[in-house]
Amino acid sequence: MIPVKKIEIIIDEFELPSLLNLLDQAGVSGYTVIKDATGKGDRGVRSGGDLTRVFANSYVLTVCPEDKLDLIVETIRPILKQRGGVCLVSEAQWLIH
Amino acid sequence: MDANLVIGNFLNPPILFFFLGVLAVSVRSDLEIPPPIPKILSLYLLFAIGLKGGVGIAASGLQLQVAITLAAATVMASVVPLYAFFILRRKLSVADAAAIAATYGSVSAVTFITATAFLDKLSIPYGGYMVAAMALMESPAIIVAVVLYRLRSSDRSGFAFSWSELWRDAFFNGSVLLIMGSLVIGILSGEAGAKALKPFTTDIFTGVLCFFLLDMGIVAAKRLGDLKKAGVFLAGFGILLPLVNATIAIPLAYALGLSQGDAFMFTILCASASYIAVPAAMRLSIPEANPSLYVPMSLAITFPFNIIAGMPLYLAVINRIWS
Amino acid sequence: MDANLVIGNFLNPPILFFFLGVLAVSVRSDLEIPPPIPKILSLYLLFAIGLKGGVGIAASGLQLQVAITLAAATVMASVVPLYAFFILRRKLSVADAAAIAATYGSVSAVTFITATAFLDKLSIPYGGYMVAAMALMESPAIIVAVVLYRLRSSDRSGFAFSWSELWRDAFFNGSVLLIMGSLVIGILSGEAGAKALKPFTTDIFTGVLCFFLLDMGIVAAKRLGDLKKAGVFLAGFGILLPLVNATIAIPLAYALGLSQGDAFMFTILCASASYIAVPAAMRLSIPEANPSLYVPMSLAITFPFNIIAGMPLYLAVINRIWS
Amino acid sequence: MDANLVIGNFLNPPILFFFLGVLAVSVRSDLEIPPPIPKILSLYLLFAIGLKGGVGIAASGLQLQVAITLAAATVMASVVPLYAFFILRRKLSVADAAAIAATYGSVSAVTFITATAFLDKLSIPYGGYMVAAMALMESPAIIVAVVLYRLRSSDRSGFAFSWSELWRDAFFNGSVLLIMGSLVIGILSGEAGAKALKPFTTDIFTGVLCFFLLDMGIVAAKRLGDLKKAGVFLAGFGILLPLVNATIAIPLAYALGLSQGDAFMFTILCASASYIAVPAAMRLSIPEANPSLYVPMSLAITFPFNIIAGMPLYLAVINRIWS
Amino acid sequence: MIPVKKIEIIIDEFELPSLLNLLDQAGVSGYTVIKDATGKGDRGVRSGGDLTRVFANSYVLTVCPEDKLDLIVETIRPILKQRGGVCLVSEAQWLIH
Amino acid sequence: MIPVKKIEIIIDEFELPSLLNLLDQAGVSGYTVIKDATGKGDRGVRSGGDLTRVFANSYVLTVCPEDKLDLIVETIRPILKQRGGVCLVSEAQWLIH
């Protein structure tokens, strides 16, 4: 097992394609997405999207080596600033198989 | 205003199911149509109405009258957001004013569809090409509103704006593409296609519409709460602007020589406000605008107003003028 | 018991699809109806049966007979959970006994719907007001069971219990509201509404029911495993209580002067057990009760028993008594 | 090749909706059929085609001819993967060759269904037992391919392989079970069942198929990108192998004395490639094989080729030979 | 980035409205919900809910400053005690944007 | 609250039954599953599954006491090795209720 950084992002479903693009640009080795999240934050309740997807969130998890963290965080910071959302970073161990 | 029209509309199953949805929310029932079913029901409605429109056009052919009507529809969809914007700017930021203007310049397919059910019940015919008018009216307001926004707004923080993205989103969003595609397929496949598809697109149509309006009632009632923040100005706007638009649309339809059915559909298009295609486009092009304003306005005020009071009102006026 | 009835019921497509679902689980196939489709199918069935009932009532009018039947239905729905509770208390905790009593006092809309398909196939008519009877029978058992539980149980750890929540949940849960709403809409919209909706609510009904029972077969077979823990007492209860209820319901229906079709529907209502509305209500009001008991009992024992053996049995008895 | 057939096929609504789906992806529209709707549409199609087949068999009875045709279908489904495997081995690993061989040996129910719509439009009859042929052809190729893989592959890292799992998966996967089950139910429930189900299984069938092919167009166009990696060899294989299979199937059908409609359905079965049942089976039994090869080949090359060019081509050849 | 506490709760879908109410009362700044979770725990397998939502779980994530943790945990403890479910707390960094 | 190990696994939806079996064998006290995840990794984009479930991921969360971690990790390592997927381990506190 090797130590890694776990980055969790909650963002509007609409911004998901842009965010994944940015992650790719920052050179992440992969990511996992769970759509259909709902929630509440500074912009009020986001009750999920059906007819209009405007109020739906997505949850994105990406894991990277420690030395890539800064690059990734700085790459995604502007989109969070402009479009809202949350980003959390924590420590984890990656199982090598 | 003809009382029979009002009562007849009230007792129409789709409208009654809309009220059932509202009732469910007000008694805090757990009745709901789980996602993604409402989405698929709306796709079905677009599909069915597009095909019916195409079959109608194939049967009647395209005349000059049709071309003029389509042009008038496009003009209305471009002009409404202009005056809407300047009215809204008195109270709102550039971003919010532009987004709401786009919402009211564009059209609501479900209002259109509910209006077709209303006419069908009264056995008033309308031309298949009105579906094409609807499809043409979805996009111009988006473009106009974004142009207004970019001219008037100073704050353009960071992210690159892409006109080509905007055009694509305006003209090839899911709703527009599905209606237009179904319309063209309806024209191409003609009589034989129409016959094979009739049980799916026509026979079960009213039933699906009831189900869908049940969901619309639930969603509209839920969104109504959001509007408390929006205040009286926006709530009033959501009722008065449709009336203004109808006041322009009805004489215009008369001048263009439309039949009563077509005039009614034209009016309902001008009076309706988008809550599927435009919110999506606004989120991408005017992210500063607050969706908690423009979504509930069109969904919880203008949509119910149009299908409950607007439809019989517009038709009563048209009946009086045309006769 | 008439062998033709049994065989005819067996060869009815909805019943056969139920068996196909059971078969799929027993050969460990990956056949499944993905969520939320079963939910929407069940909403469709409630919607359709409600409208049909309403149209039926509009056609026949409401007579004294009807009022008496509805009263009898409400009484049965309140009495069954009482004796069920005291039987169950011999082996179970207060919470579990109350929850299972509610389950059996209330009704299963899908059993009712399958029974209508059974009668339709035999061309036996039944009154639209039986749908109202079904809707009325959903809630009383919930109230009775919760009262029993609150009287008999000492353990009331922590969380505040709200009677108003309970009433709301009992009378305005999604199923009750949708059936009642559709029934009223069916009455209000009358002949014209019925005609417009018939292709959706009547023509495709049997097909949707087949699909739904396929899912019921899968779910019932999966839940059967849970019952191993429940033991013979509860499995036996799941078959004997419906028989007891039917034994009370049939003479009562005879005494009330119901027609054979109505008597059959009344019996199936009394004999059926809820697995949609009641579990939800119990989870909120009697959280100590174990849903792994009351859900599989009604879903994997009583439901299959009623639609496979119960329906032909009850009808055979009724045929004999009435003739 | 008859130009009328080609054009008639092109103007068939289901085919046109397939193109609409492709168009949606190519203009980067957000049009999509949200999951799990495509899944349920495919279940509906299997259900409907199974019942129709069963009713057809019940009406015509089972003759020797039928047994011979079913045997021939099974043989073809076992032989195609053999020669496909050895062709593919020239360029690919054992695992990939075996998985693609299974894909092309098995059949595509949606291609079959689209072909029935094609025949229906031309009023050419076909036997209900061809549905049984389809169901029988789903599984043998899976078994043959896994046997080839296990004989030829040395790398068997770790995980235990279970033949019984494989057999279960091949013969009781969801598609096979639903078709076979519906077929048997169609036979058992006969005339009365057919009549009750017709509005659901037959009347709305074409409409649902249009909707489903809209989704297929979207999915196929999206998957086409994956194929760039696969290269010209695999893309060519995806077109040539169906042609080879058809070249064997048509004379065989003639020799067996099939009618034109049955010969056409037999040919389309041999020419089609699986993308639902086989990928699932391969993922479990040959995990080393790359699904990004076999899924897009059948979905984005062979499926469109068959429904657009293959169907009119095969029928033109059959018309010439039979007349 | 500022250090925060990440609270993850898995609870019956039925209890979700009550839980979110409690979180609001405890003054969280926001939360994210993923419905349609399944699982296994002390009360056996919870296979997800369709017709009867009785066996469905929900996943809730809420992030708070360290000094709010105790209040939140004590607010939600009773509902977990009575109705079942799981609550996990871990360390994370919140990206300020 | 007691310290525990949090194990997150992202795996093909097809492998989910096998994985849960292995977790049961390793004696976990429970787990939570979120189906319908999508993602990107060494095997390319996995866009989720509809008609063919071949490209769908699942997210699995299981919490265990520290001393069980090794057993669990070694039990699931082979399936990740052969079938692909990701496993992350991190520290957390479990709320006792």
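Per-chain numbering from 1; labels A, B, C, D, E and F assigned in written order.
Here is the rule we go by: a residue touches a chain if its C-beta (ideal position, glycine included) is under 8 Å from a C-beta of that chain, and two chains touch if they have at least 3 such contacts.
From a predicted model like this one, the values you see are computed outputs, not experimental measurements.
J.: Which chains are shared contacts of subunit D and subunit F?
T.: Both-contact set = empty.
J.: Looking at CA centres, what chain is most distant from subunit C?
T.: Following the centroid criterion, the farthest chain would be A.
J.: Does C-E or B-D have the larger number of C-beta pairs in contact?
T.: Higher C-beta contact count between the two pairs: B-D.
J.: Could the interface between the copies subunit A and subunit F be described as same, meaning over half of its residue numbers are common to both, or is it different?
T.: different
J.: Determine, using the mean of C-alpha atoms as each chain's centre, which chain is farthest from subunit D.
T.: The chain farthest from subunit D, judged by C-alpha centres, is E.
J.: On a C-alpha centroid basis, what's the spacing between subunit B and subunit C, in Å?
T.: 41
J.: Which integer distance in Å separates the CA centroid of subunit D from that of subunit E?
T.: The separation of the two C-alpha centroids amounts to 46 Å.
J.: So how far apart, in whole Å, are subunit A and subunit B when each is placed at the average of its C-alpha atoms?
T.: 35
J.: For subunit B, which residues are shared contacts with two or more other chains?
T.: Where subunit B meets two or more other chains at a single residue, that happens at 35-36, 39, 199, 203-204, 280.
J.: Touching two or more other chains, which residues of subunit F qualify?
T.: 34, 36, 81, 90-91
J.: Chain pairs in touch?
T.: A-B, A-E, A-F, B-C, B-D, C-D, C-E, D-F, E-F
J.: If you look only at subunit A, which of its residues touch subunit E in the complex?
T.: Going through subunit A, the ones touching subunit E are 8, 10, 34, 36-42, 57, 59, 73, 77, 80-81, 86-91.
J.: Show me the residue ranges of subunit C that touch subunit D in the complex, using the header's touch definition.
T.: 11-13, 16-17, 20, 23-24, 27-35, 37, 121, 199, 203-204, 206-208, 210-211
J.: Mind pulling up the subunit F residues that touch subunit D in the complex?
T.: Checking each residue of subunit F against subunit D gives 12, 14, 36, 44, 47-55, 78-79, 81-83.
J.: Could you please specify the touching residues of subunit F with respect to subunit E in the complex?
T.: Against subunit E, subunit F makes touches at 1, 4, 6, 20, 29-36, 63, 90-95, 97.
J.: Help me check something: in the complex, which residues belonging to subunit C touch subunit B?
T.: My answer: residues 35-36, 39-40, 43-44, 47, 51, 168-169, 172-174, 177-178, 181-182, 185, 188-190, 192-193, 196-197, 199-201, 203-204, 280.
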